[in-house]
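Chain lettering (A, B, C and D) follows the sequence in which the chains are written, and residue indices restart at 1 in each chain.
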Amino acid sequence: MAQIFDRSSNGLARMSLVLTGLIVIALGVTLDQLQRSPWVTRQGQRAEQPVPFSHKHHVAGLGLQCQYCHTTVEDSSYAGIPPTRTCMNCHAQIWTDAQILEPVRQSWATGQSIPWIRVHDLPDFAYFNHEIHVNKGIGCATCHGRVDEMPLMYAQNTLQMEWCLNCHRNPAKNLRPTSEIYNMAWEKPSEDRPVWCSVKQEQEGIPTAQSVDCTTTDPTQSGPQVAMFQAAAEPGASSEPGVLGEAAPVPVPIPASYQKFTSQDQLGHFLLKAYKIRNPRDLTSCEVCHR
Amino acid sequence: MPPREGIYGLLAEFDTPSDLVRAAQKSYQDGWRRLDCYTPYPVEEAAEAIGFHRNKVPLITLIGGLMGLTAMFLLETWISTLAYPINAAGRPTYSWPAFVVPAYEWTILWAGLSACYGMFALCGLPEPYHPLFNAPNFRTGATDDKFFLCLEALDPKFDLMETRAFLETLEPVSIVEVEY
Amino acid sequence: MATSELKPGNPEYERRIDPATGEFRVIEQGQTFKSVTAKISDIVLTPHTPMGWFAFFAVGGAGATMLMVALVWLFLKGVGIWAITQPVAWGFAIINFVWWIGIGHAGTLISAILLLFKQGWRNAINRFAEAMTIFAVICAGLFPLIHVGRPWLGYWLFPLPFTMTVWPQFRSPLLWDVFAVSTYATISVVFWYMGMVPDFGTLRDRAKHPLVQWFYGLLSLGWRGSVRHWARYETAALLLSGLATPLVLSVHTVISFDFAVAVLPGWHTTIYPPYFVAGAIYSGFAMVLSLAIPLRKFYHLESLVTERHIDNMGKLMLTTGFIVAYGYGMEAFMAWYSADHWEAFTFWNRAFGPMGWSYWLLLTCNLFIPLTTLWSRKLRVNMTYMFILSIIVNTGMWFERFVIIVTSLYRDFLPSAWGTYRGTKWDYMTFFGTVGLFLALFMLFVRFAPMIPMNEIKLMLPGAKIKPKEAAAGDGR
Amino acid sequence: MSSLMDKPESTTSNTMGSGVDQFENNPQAAVAAQDSGPDSRQNSRLEPVQEPMQEPMTLVQVREKLKNAKGKRYWRSVDELADTPEFQAAVEREFPASAQEWVDPVSRRGFMKLMGASMALAGLAGCTKQPEETIYPYVKAPEDLILGRPNYFASAHPFVTGAIPTLVKADSYRPIKVDGNPEHTYNQGSSDVFTQGTLLDLYDPDRSQKVLYDGENREYQEFAQALQDAVSASKDGTGIYFLSATITSPTLARQWSEVQKAYPRAKLVQYDPAAVGTALTGATWTQYALSGADVIVSLDADFLSGATYPGFHKLVRDYAERRKTPDNLNRVYAVESSTTTTGMKAEHRLGLRASEIPAFAAALAAAVGVAGVSAPSYAWTGEQQNFLAALAKDLKANAGKSAVIPGLYQDASVTALAAAINQALGNVGKTVLITQSINPLPSDQIADMKALAADLNAGKVDWLVMLNSNPIYNAPADLEFATAFNKAKVTAHLGLHVDETGQISNWHIPAAHMLESWSDARSYDGTISIVQPLIDPLYGGKSAHQILQLLLNEPLLSPYDAVRETQKANIKGDFETGWRKALHDGWIADTALPATASAAAFNGKVPTPSSKDAIEIIFRPDPNIYDGRFSNVGWLQELPKPVISLCWDNAAIISGATLTKLGVEEEDIVELTVNGRKVKAPVVVSPGHPDNSVTVYLGYGRSYAGRVGSGAGFNAYLIRASDAPFYETGSIRKVDGKWGVAITKSHYQDHRSKLFGGQGNGNNSLEADEALGERAIIRYATLDQYKADPGFANEGFDREKTNMSTSLFPNWTYTEANAWGMSIDMASCTGCNACIVSCYAENNIAVVGKQQVRIGRDMQWIRIDTYFEGDLAAPRAHFQPMTCQQCENAPCEEVCPVGATVHSPEGLNVMVYNRCVGTRYCSNNCPYKVRRFNFLLFSDYETESLKLMRNPDVTVRSRGVMEKCSYCIQRIQAVKIDADKDNRAIKDGEIITACQQACPTRAITFGNLNDKNSKVAKLRANERSYQLLADLNTRPRTTYVAAVINPNSELEETPVEYAPVKG
């Protein structure tokens, strides 16, 4: 009786077993990478917008304040997308016949919205709230990246749950003085870039943002330019009851006991207390983001 | 490895397990070590006869089982106490009694798999090609009702004529040379 | 036919009865290595499939198709097409799941536990019992997947690194199920396949057609019956049965935890683990009988699967049946003895509530009929009776799960939340669909794999005895 | 958006005390959790009314549009495209016949659902990409809008029983919640099922959307022209008839009086099927101040169950205030012909057949010594005599401290007698106050209706203009209105729907919803509230004001100006400031009506009761859909009616004895016959219903209500005659067939012997015996028992409190943060259901439909458990609001394999919908069975108008997901964020749950248990507080305050013995 299989088949048989194992592993790794890949998250992708609006030009170039357009970022969950009128404030005078602005003028004329493509798009079951973040020392750039360096807007981060938890589990590493919220160029303190902070007697009903003030220039020399927190100063920034009530007292810059910080870790933990940030157990509880 | 040339060994065929066992005992006493018996069902006496007493399968199984146990229990503990500690039903995050069950199952799973794969690995299976299949009478009987004793060429005592003569003394039904 | 008709002296008697014990022989006289090989492997290797096979396969196939239809609709519309509701949020799906898993148990029990107890008679039936186990587990495993509201998220039950960084909740018995059932399925398959490797070798060597040779050649992994291999093989088999035994006990224990861990009166009881395991084995043997009796007739295997097997299984059913009965008794007793109002009411409601009929049906099928009749050896070896009984018991066991799940749920703590339950056509289609699937798979197995382990049978033949030289002359093979 | 945005009147309620108005908002919250459809917020801007109509596109263009869309994108395009007016125009032109199925979202919907499902399957959720979403920003943003924060507008819900002042929550100017006005003295923030339901009524996708003339589209101007021509042609208004629902608006009344001046022969007929012939249409108006009443007698008055009774909110609140503490309990006697929560809550209830009640009233009057009234000779049973005697005695003992309240749907003599008794007892001026009617144009509606029918038949009617009325459906049967109707030369119908009348009228004009138009109305005490619109009319609807105005000299004067015109008279001081204050506060200060008129004198006529074995048929407006006007409001259709827990249908409600007497079973169909008029109805048994009488609810059997209301129930108007609108003797017989009804609570008779814990007699309800027995789910005591043993609620076997040391595990502590908890007062709750509807609106709960409810799949997060204690022939009911108990050791959490329901640090049992895979194990393991599962795709993702309505702070749950009460976690989170922002603690009462907000009896209290001074903490410390199923050690955060009742010792029946189980 003859052999059914050729000599080589022994090798093949064992090889195929090994290969199967490898393929399974490879598949697993691929899927794991895929779920985090820009293909899924749209991270870093520049959407086809009706108007190629450049944050770089408007922020870095013209030095527009974030809130000039995103007006409600401090008072509402929703930062706000500027109405066409905001564009027309300037573009009624300048670039009045630029081709790329046609959609804007269209919108202004017809009363139809400019249909922007949503770049930072959370799932509908995730409830993100801008006001609390900016009021508690999370800067725009922390999530949105260096918008002032983005000719076309794209998502700097994945906005996936693991990314959110990353900070909710340890907010200290991203906290900054609320005076620096809109500072795109803000960098973590270091030996050569220290930060000085002081807490004035913080009292019930006065937003923590106001009882803390920080400066990047040594307050011991030259009177500190104390950075002010916009929301509090603006009268009627929020028309809601309870919120600050009548406009809160504008703190006077007294060179109080300033503390010097040379590392994000120190600063973070200081602000953690100063801003009364809830502990990670609270911040990672489901109802914080899902309702 | 390059395919070897020449003779694999001499294959003696027997009708009854008893004959085979006796033949095997004789060969072993005669000093043969590179030899093997082939039977349609497990004949422990034959294995004993050619001096195959214990194997490593139990050890492999034990190791596998322990790995399964520790792997799952650690995973559970890490997940529930470190990765995302959550208050579920007011139970402690480290609810070890609950962790026992999956750990227990994985112990069995890994042990079982190691037992099976270990066994095949030790046997060098899969091995669809084997010189013995060249023997004309092997496949007709070895898995049916015939009993074979094979003295292999690799054994220092092996010499075609002498070995054949030696086998004759065991009163086999037949003797055939097996080519590689 | 019953033993009484066999008089000592007549060849029939000699062939089938063991003079030593007067019991039926495990293997009828006159079987040789060759005859065994031929009988079993020819069923597989014969080129012409019997018409009957096609008939059964067609029935099974039809059922499987019906299952597919039901599943497609289920995925399109949602589990709402079933009767499940508030408060009975688990229905047929879980009933079927527990029922199928239970059936699976007998296979493992026969191949593992009886092996440990050195019950030689198991050899003839363990192979297809194991096959039964695997197909039953396949049918069972289907249900946990399809019964969830969002099946496409089922993979969340496994501890994998998703971007949510959220993990399974290990206190949930459902999660324990995931591990128990998957382990059970894997080990059963491994055990089953390993057992078949040598027999695949036999098939390889007997096959005529090169393709068939090649096919079984692959499956046999090149098995050549070296006694060294046999030795390791035996050890592995022994170890596996040693592992499968605690496994099979744990699986239904874990499934009973699904209920025992819950707070629901009628579920929250410590008797469940033993009671479930016994019930599982009980129904399992019933299913083995429902398969074995037609098979031995159809393929003329009476010489290998003898009355002895049926008889023994009958006895085992009697035993497990009584353990189950003890379980039922305990429930009633505790309802009274615990003086716990919840228990008392639940028991009253099971027996006398609007769904009391199911409770009495289950008692009839599981206790009254079998436990009274199985005492009689006459009936135990009466194939027709045993076949019908096996069907009855399986029905009864299905209703046991119905009673446990539905009648505990539909009236629980808050009377205001009481409801009721009646299965929809989709429920029935899914259930009978899995029965069809099971049948189809089993027919495939019968056709393409050796349904009786040849090597283990041969081991028991007189020819396998090792005798000193002188006696050796002319021993019958 | 709403034209409001640039009107100064729109005011955020920043001076209002309540904290409920601080919400954050997620721009896309209202979209599917699973497969996200188009964004709701943006759609809200793209209402058809705003869309400038463009050239209809050709089908070629359509194909163009779809060409480069593939897969899911493709289907979404079809959906979006199909909603554009151009497309609809195109389709209508190409193939008019099949236009509907393309344009009608409903028929598209079924298909889209399947698509959605298969999509979900196709992409294994986790790995699917979200579809690209578009942002439609404003072109010119309104000044006072902060996207993501709601605005609040004070308004009122005009209703025939008196307007309910409301505070409406608007998200970017879409009204998304209607609640009571917390500052208004009348309802103090509470509301009722109707008021809550008006929200869905506004967004009802079946509202009429086009002006129609004989079925063809027309412009409103054409109608206006036609009407004006006709009127001016008629010179003095001859042949011009207006048929209106009862006029509640002073402005409308003023406009009518001006019309009368201009056209003296024009006629106005008011007709409200639920008000006809009742005190509501009379010249006088009786108010009750129950806070001062120790003894309250209801003569068939259902003043505790809903806004069907005038002053409900105040009456029930005053009633409940006197129940909360045992030291100052009032006592209620109810004599009633049907089963209502009033009777069920009453200490003593006497079920009488409707026609016996006038006699009983007379007898009572005589007994308390009302001059000139003699007790009619009637064979009262012994029980009835005892009741009468004891009642009279008690009343006399409490002269001046009691109130006798007559039923609306009773013979006029009852009202008069009640007034007489109050007079005699000196209650008037103390607990009873009589003013002139708050409805500006009282009239004898029956007579007017008869006259109108006559004029129609006489062919005198040239123009019949119907304002928000539907006579074809609900006119008295004996008037044969449909035939008379056709004799009118021109008929015009103003209505929210193209209803039965709209169908056959020449003209149909879509009406503006009360949330879309300006008006005014008086509440219970006569205080005027301004009804101000929250949003531009979605479908260009018109209000009655505009119609009447057409006849006046400045025909285009807007309702806004008309209302200002009227109120100039009422607003003191500088008008503009007064007006703005009125709009802001929600009412015009001191416009309450003075106690002038005295009650209509009793004319001595008391109708004699019908013979005891004659069958009486009682007509009542439906507690949920009233006279049928709310037929198409799914929330109200699915709402279990008080006491009988029936939904989606009305029925012939009879007593158990009558059931046996007739030899029928529940769900059998019977034929009710009154004076030869017949109607078929399913039978439903109500415990305690008087024998030989049948209660039928009006408002069902609509044929053109819409997708929800059409075909539900039977039309009781068909047997309701003008001369007997309340009750009439008739006959009842079984006919073939069954009609399955949806009843949400089972009630089995308890046939168990004492051995098995039953009562031996089969008279009790099994559920109640269990609940009041060892399960100790309902715990209450009589005043005497309470005095003897104040701790009764937590004493004795099976009533022990949670023992914190029983657990094997170390206890989780919730001391550092807030620990939310709820307390529910069993004494106060009257089961009026307002909480349920409020929850619907707040939490985007889906309506599932009758068939699903029948098999037990209703999705209500809060339900009112009803237990009937004692003999089902004369039970006492206990109402128990049941919702997630937020157990600290939650059984549901332990068994969830994916951790979709877990515990928050504040002790809440949070449910994460998007993590749920739907094993339903949690529901099985929930002892309270308060979890709700989306067995099918219950939420509607396609209907655009409903998307506008959704609360953007709450995820819309998709198929296969478990959901449950969350203590309104979205409100908690909103307040927490604001508090953190301001660096302050959360004030007690700052967070109000939706159910608490709606509750007229303040039975529900929510707050922080760690704050020892919070209301809820105090209540929890109350000796009468108990936890449900505490013996399971679930440690619920919700506790119940056991009721103490105040029975009259002379009438006290022997309390039921609950024998413990003897195994």
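Brief remarks follow.
Throughout what follows, contacts are C-beta pairs under 8 Å (C-beta built on N, C-alpha and C of every residue); 3 or more make two chains touch, one makes a residue touch a chain.
Not measured: the values here are computed from a predicted model.
When the C-beta contacts at B-D and at A-D are tallied, the pair with the greater total is A-D. For subunit D, the chain whose average C-alpha position is most distant is B.
Each chain gets one centre point, the mean of its Cα atoms, and the points for subunit B and subunit D are 78 Å apart. Note: centroid distance subunit A to subunit D, computed from Cα atoms, is 44 Å.
Centroids built from CA atoms put subunit C at 58 Å from subunit A. With centres set at the average Cα position, the gap from subunit C to subunit D is 56 Å. Touching of two or more other chains is recorded for residues 4-5, 10, 13, 35 of subunit A. Across the assembly, subunit D contributes residues 126, 891, 893-894, 896, 899, 902, 904-905, 915 that each touch 2 or more other chains. The set of subunit C residues touching two or more other chains comprises 162-169, 171, 175, 204, 217, 221-222. Those residues of subunit D that touch subunit A in the shared complex are 12-16, 19, 21-22, 24-29, 31-33, 36, 42, 45, 52, 126-127, 129-130, 132-141, 144, 146-149, 817, 902, 904-906, 908, 910, 912-915, 953-955, 966, 969-970, 972-973, 977-978, 980-985, 990. The touching residues of subunit C, when paired with subunit D in their complex, are 75-81, 83-90, 147-150, 152-157, 162-164, 166-169, 171-175, 178, 258, 261-264, 335-337, 339, 341, 344-345, 348, 352, 354, 409, 412-420. Taken together, the subunit B residues at the contact with subunit A in this complex read 3, 84, 126-129, 133-134, 136, 138-140.
Residues 15-19, 21-22, 36-47, 50, 52, 55, 57-58, 61, 65, 72, 75-76, 79-80, 83-84, 86, 88-89, 91, 95, 98-99, 101-102, 104-106, 108-109, 111-113, 115-116, 118-120, 122-123, 125-130, 132-133, 138-140, 142-145 of subunit B touch subunit C in their complex. Put simply, subunit B touches subunit D in their complex at residues 86-92.
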